[in-house]
Amino acid sequence: MPYVNIKITEEGATKEQKKELIAGVTNLLVRVLGKNPATTVVVIDEVPLENWGIGGESVEVLRKRR
Amino acid sequence: MPYVNIKITEEGATKEQKKELIAGVTNLLVRVLGKNPATTVVVIDEVPLENWGIGGESVEVLRKRR
Amino acid sequence: MPYVNIKITEEGATKEQKKELIAGVTNLLVRVLGKNPATTVVVIDEVPLENWGIGGESVEVLRKRR
Amino acid sequence: MPYVNIKITEEGATKEQKKELIAGVTNLLVRVLGKNPATTVVVIDEVPLENWGIGGESVEVLRKRR
Amino acid sequence: MPYVNIKITEEGATKEQKKELIAGVTNLLVRVLGKNPATTVVVIDEVPLENWGIGGESVEVLRKRR
Amino acid sequence: MPYVNIKITEEGATKEQKKELIAGVTNLLVRVLGKNPATTVVVIDEVPLENWGIGGESVEVLRKRR
């Protein structure tokens, strides 16, 4: 029954990587809390760099400064 | 004043259907809790199939297996 | 498979009212989008009045001014 | 360490405006609660007008009626 | 930089289990996407049974029927 | 119409500080995006230290190590 929302910056995560995240989080909840995978929902949100801020600046600005 | 977030898979929900969801949820909160519709916010997020997992797999994979 | 999060102010919603919200939202998604109720998750968050703001003020202040 | 999610309707907020929101929210948390900006995360979600409802109607409908 | 929100029903998850969830999710994001653990935020919300619905009913009702 | 969710660790934020956060975020959205304060919703969630993770550890553990 758990609901897990994973927010990451939109930087090209592949389908395979997202499958790994979904499987990994679901297995973690089954292993640690004995949850039922059949009703464990995982939603991945990919956020544009200009819409994600840390340290008071957008990640887009931070990436350019690297 | 309520805030309702509806997350669904991105599978072609039409404008009319989304209007129905917005009206239906708002009316439900007015009827059950007497809330003020004027400040009842409803946000619908449509999530790509590869970003939604259930049972440890992405819905994209599950749909293909159907 | 939908996930619905309903945030309301913590003002004594009863168990019966919350059951009505859960049933109402689930039925709405079944009727409008043909969703499977068995994997439709509804989570209700009840927020203390001092933690909810509208119009730049907390609801606690607004309620006292009424 | 705070996490702030700002949801707005998708109506052309510019990069500069989003930078201002990120900086403004981060500075507010530093000033009011003494939080560490380096781990203050701000995520801005821009929602299509047909996916945002208020008063039981979609903002798209409301905008057309203006 | 990822933000992960895990919502589970309030059924006595221990501090140790929550540490395992935090470590497990963070390691997963480091392994799969090479994310920086120092800015990976994980928030666990524990929701009362009467506030969580599935299949149109509250988990509290479902647990009693078991 | 914006919806802002501020998640902070549960470390004794006072009513006054929360009023400042609500007013500050609302004014920011009015100033930067010209939003209508009357329908700007701000929700503050205060999360127990054992439920918040960063760097793969819970804040409760990190605070004790300080």
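Which chain is which? They are A, B, C, D, E and F, in the order written, and residues in each are numbered from 1.
Keep in mind that, in the parts below, a residue touches a chain if its C-beta (ideal position, glycine included) is under 8 Å from a C-beta of that chain, and two chains touch if they have at least 3 such contacts.
Chain labels with UniProt names: A, B, C, D, E, F = Tautomerase.
Since this is a predicted model, take the numbers as computed values, not measurements.
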Original post:
Suppose you hop from subunit C (Tautomerase) to any chain it touches, then on again the same way; how many hops at least until you reach subunit E (Tautomerase)?
Top reply: 1
**OP:** State which chains count as neighbours of subunit D (Tautomerase) and simultaneously of subunit E (Tautomerase).
**Re:** A, F
**OP:** Show which chains lie in contact with subunit A (Tautomerase) and also with subunit E (Tautomerase).
**Re:** C, D
**OP:** Quick one: point me to the chain whose Cα centre is farthest from that of subunit B (Tautomerase).
**Re:** F
**OP:** Could you compare the number of C-beta pairs in contact for A-D with that for B-C and name the larger?
**Re:** B-C
Subject >> Residue-number overlap at the subunit B (Tautomerase)/subunit D (Tautomerase) interface, same or different (half cut) >> reply: different
Original post:
Greatest Cα-centroid separation from subunit C (Tautomerase): which chain?
Top reply: A
Original post:
Counting in whole Å, what is the centre-to-centre distance of subunit A (Tautomerase) and subunit B (Tautomerase), each centre being its mean C-alpha position?
Top reply: 20
Original post:
Per the centroid of Cα atoms for each chain, what is the distance between subunit D (Tautomerase) and subunit F (Tautomerase), given in Å?
Top reply: 13
Subject >> Multi-chain contact sites of subunit E (Tautomerase), meaning residues that touch two or more partners >> reply: 1, 3, 7, 21, 25, 38-39, 41, 43, 45, 52, 54
Original post:
Every pair of chains that touch: which are they?
Top reply: A-B, A-C, A-D, A-E, B-C, B-D, B-F, C-E, C-F, D-E, D-F, E-F
**OP:** Please give the residue numbers of subunit A (Tautomerase) that touch subunit D (Tautomerase) in the complex, ascending.
**Re:** 7, 45, 47, 50-58, 60-61
Subject >> Interfacial residue positions of subunit C (Tautomerase) with respect to subunit E (Tautomerase) in the complex >> reply: 15, 18-19, 21-23, 25-27, 37-46
Original post:
Which residues of subunit D (Tautomerase) touch subunit E (Tautomerase) in the complex?
Top reply: 1, 3, 38-39, 41, 43
Original post:
Contact residues on subunit C (Tautomerase) for subunit B (Tautomerase) in the complex?
Top reply: 1-9, 13, 17, 20-21, 24-25, 28-29, 32-33, 35, 39, 52, 54, 59
